[in-house]
């Protein structure tokens, strides 16, 4: 209960269903005197917005964000920032197919068991539509981080196909509809995903988010580790089933000699790590290196192949999901992962300030 | 700051350093009238206790837990349960080697940058010793869960060597010093780890924790998902770098047809899932199936090979770590992972009760 | 920072300024399957709405609440309930008088020092307008409490004039513009307050809120006492400077013989208290008697008499506040106090459920 | 449930019963590099310690605090500070009188109803003994506040007898066993309280706590107001039934002209308030003036006169409380109120730091 908020000092609360009149987010704890307008938020919304290529759902939502509070004459006032996004394309259709059947892989069954009621017109709160609110909150978080800290995401795997890291180029991210940093992989993915799309199937993906310019000292050593907060953050995104920091699961296969990042002294006299297996976090605290998180997104269960399921009356049945859906929801998870990273960092940045010794 | 607590309704707070007089945990929110004595807690402590085989640190700690409050005449009273464990084997030694040098892969550097001070006699709060407190809290959590919910962990990978799941037998867990469910793998691991140990090296591992008997409906759909809380929980354990739920990263490679768990009606008329790729959680809410979590533990950085580092004066230097250390810290992470799973479930079980409709 | 939420399991977050486009509240943690529509909320809004008599501000706001999420087909779904109220009467006026001067007794100075910016067109977040959101949240809380628990408030003192408790009649509350339970006092107050109003002055008041039907066992013994949560709740209301439970400050003057409430056995065999000096709470936990809270509201500082102050440039100046203001803000604090009581009880009722032994 | 913690960034958790082996507190969130030793804490314990005059309980407890963690070489390390106090004088006696009877005015009945079990050997968690932990935490909080912020308490009323504020002298506090700032009243109180004590009765009191040197800007405008947090803090102290800030209930009787504190410019060019009716807080935020809180303590219900009650079997009975008790528990509430004020201020001071603009 009461589980729709995220963060401690920089804290946001989202509301709204995919088929209600609007969705929104209240960002509480943003410091005052930051420049903020809708123009600062909208570009990030565009990045996540559906219907921009044939590889994402064809739902058409302008996703225009309106600031309803917390900003006065172009600056934040330190009071809660309420952001609202109207739902405009809740297509009227026949819901009889899904109203009484539990879609496998969706939260239909668990919602029904937990609440005894659900808005069967869509995923309700579990719809990916909710993530628009996260992206809006993330845009505010970026303002808190300032220009010195950048947060960027990329799709590094679709189905079994991974990028070649030797070809990694951040500039390529905007040149393909996949946020793929490897131009060769992007071409290959286009063909692969066309096949998936045409067959009414879906496929999983892996997203990588990297934050640069993060100062040393963010995160607490035990239960509020920077990495445990990031793991939680990414796992709150729809369809995410796995999270890793730095070299992640690969670390299990390494020895102490190969895994630990050695240190030298740089030209400026400051310690420099020789590698970044740790993903920029040691003992739960940022090291000053890039913070690197990866997460796996499962394939959406909304596919054209009939699947076995049961209905709310306890009868066996089949279901196939028509309509507008994503062949690879992992694509739109990229800006969402960026937003969650930005929010976690903003929260820990404010917490870090509270520790400062004068 | 103030980051030494875990949980919302079932909440514990740990304190103590590896080289102080004692460590302890305060468990707040345990319901009243549960049977509880030190004898209920001690067996779980034994499971984690170091020095029990040649594959774990030779530090000898009896890890006797004393209940200091919250229990009256053998039953919990609903008030905070304070559990204390004395440190008895803080071996006196020469700390000059590590007092001024940052051990690569440890939290020495980040602690120093964050706090400007650290207890150089050991890992302080980042020592694996802290996890004894979690195991104690987990023993109380198991009381909250009751006999119907079981939480079991196993080591499924050491270095590159994985168990063969076709040989999985929970009964084997107690027959080898690795909590390994595959007796053939256990034999192989013994040889492999002897080599690691003798060379003064260390190796990573993967732990799997499974909870059975979990009722449907635990977890909240958005930011307090059962899986996001589990991800956070596991990532708070020392040296953990990756977490996955159900088939985890494998889901990224699958299609919607192969990944979603279909449903049929069982003999008792209740829905039955035909597989468990989801790891017992859909939309953040438990399905009633086994809840399955896996996490990667990196190799400890305390090894006998000299490593490049810097000291607190900003000078380049080398370091090698003598003394008592674990060739594979992942082994002792098994009971810790179980404890964290138990605590997360206990918390969500109490939260679930608050939702009940009468 | 991030201080715009209230409650733990039943939790609400408010947003919006008095002179922005709208204000609103997100209620998180409301159980599912409760009947809820705008018609359940609007009557409580009417009770608080300004401009209904000559004794409250003449700002005209319809205060129509719109439900934007969390309700499906007339029932709560367990997801966050977003409630929005448009601002319609943000009168355009010349703000030059108050834009640069700190109004004594208002939060102008402290806001300026804290945030370095403020919306000078009104009280911003410190405007009594924010309390409309609390009343809306309170209406939802009443649904959680159910029909068996009633929460009623009354004005028991205006300036130096108190009600005569021997004439207390809850039915009189709706017969006068003061929520006064004493019809004789109400007549007297009308004359008194006309004088205050005509002279452009203002006066303080005392509000009493009583909850009946509260079950035994709500509240926790130490830091989440029912009374400490109520004290906090009432002190968060604008202009409140004092709170007491039961006989409150009077208890300081009594002896143990006269203060403690003795117990007998009632006709139904259950314990019956012989008095209620404790205000229905012992050791932080509800006794089953009426829960009784009283709080003092200071006079609004917006008066027609010039007052000495300083401006944002550090210069001495005078200020007098023209415009629409309340001669006694305590009147409208009655429904707000009721709402806060309802929210605290709803939160503790849900917490209590989590403790239930089956 | 889980209600034994207080604070957000500076957060403490207490544990222990009056008749268990020990009580203690874990202080989490204390910044690093503060000088701290047991000698810093013990003097405050002495101030609260029972048995120091004939006006407080004759229970003899040395109340020696032991630091178990969080301090290294005389300085805080930023990790949790565990403080333990052994119980040494849990007098063995016949509990048959109180084991099965509910003492009127005590939490016996509500504990029994809430938990179904209670440690009948004393007040358990509701014993004033728990407040020793608060005083220890308060001593740490004072370190966070630093030398520039002082927190002092005084007893300003015993039964119907108040101090004469024109004779207020902080230096007198230590010259009488009542923390009374008025030497004339102190003499009178001694006689009065001797009578109360000899007759086996008890009496209530009012405590005032004043913080000086508090910077402008502590506290948040809505639900985490400095005054709402203080109200909650004081109401969590045993037997407290009322709290007021500044002129408190008196404000209800005043007009806007007399209540609002006017401002002028001081010699240093900074704003100076001409009075302090607001008690140093406007809109929930500190003004820089003295923060002034008063709270009422009810008379202890443990008296020698038989009182009507019921027992756990639902039978009517009488009870009189022999043994060691306080004729006026309000006396020892003075250092406890100081400690809670210090903790609230420390928390908000750290929160304020998080807001700082660079």
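Which chain is which? They are A, B, C and D, in the order written, and residues in each are numbered from 1.
Definition applied: a residue touches a chain if its C-beta (ideal position, glycine included) is under 8 Å from a C-beta of that chain, and two chains touch if they have at least 3 such contacts.
Remember, it's a predicted structure, so these values are computed and weren't measured experimentally.
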Between B-C and C-D, which chain pair is linked by more C-beta pairs in contact? C-D
Remotest chain, chain C as reference, centres from CA atoms: B
Distance-wise, how many Å sit between the C-alpha centres of chain C and chain D, to the nearest whole number? 26
Here the gap between chain B and chain C, centre to centre from mean Cα coordinates and rounded to Å, is 46
Which residues belonging to chain B are in contact with no fewer than two other chains? 1, 3-5, 8-9, 14, 31-33, 78-79, 114, 116, 125, 221, 350-351, 354-355, 357
Could you please specify the touching residues of chain A with respect to chain B in the complex? 1, 3-6, 14, 102, 104-107, 109-111, 113-114, 116, 125-126, 130, 157, 159-160, 196, 201-206, 216-217, 220-225, 227-236, 241-257, 259-265, 269-271, 274, 277-279, 282-287, 296-303, 305, 307-310, 314-316, 330, 351, 354-355, 357
In the complex, the residues of chain C that touch chain B are 8-9, 31-33, 78-79, 221, 350-351, 353-357
Considering the complex alone, what residue numbers of chain C touch chain A? 1-5, 7-11, 13-17, 20-24, 26, 28-29, 31-33, 68-70, 72, 75, 77-82, 114-119, 124-125, 350
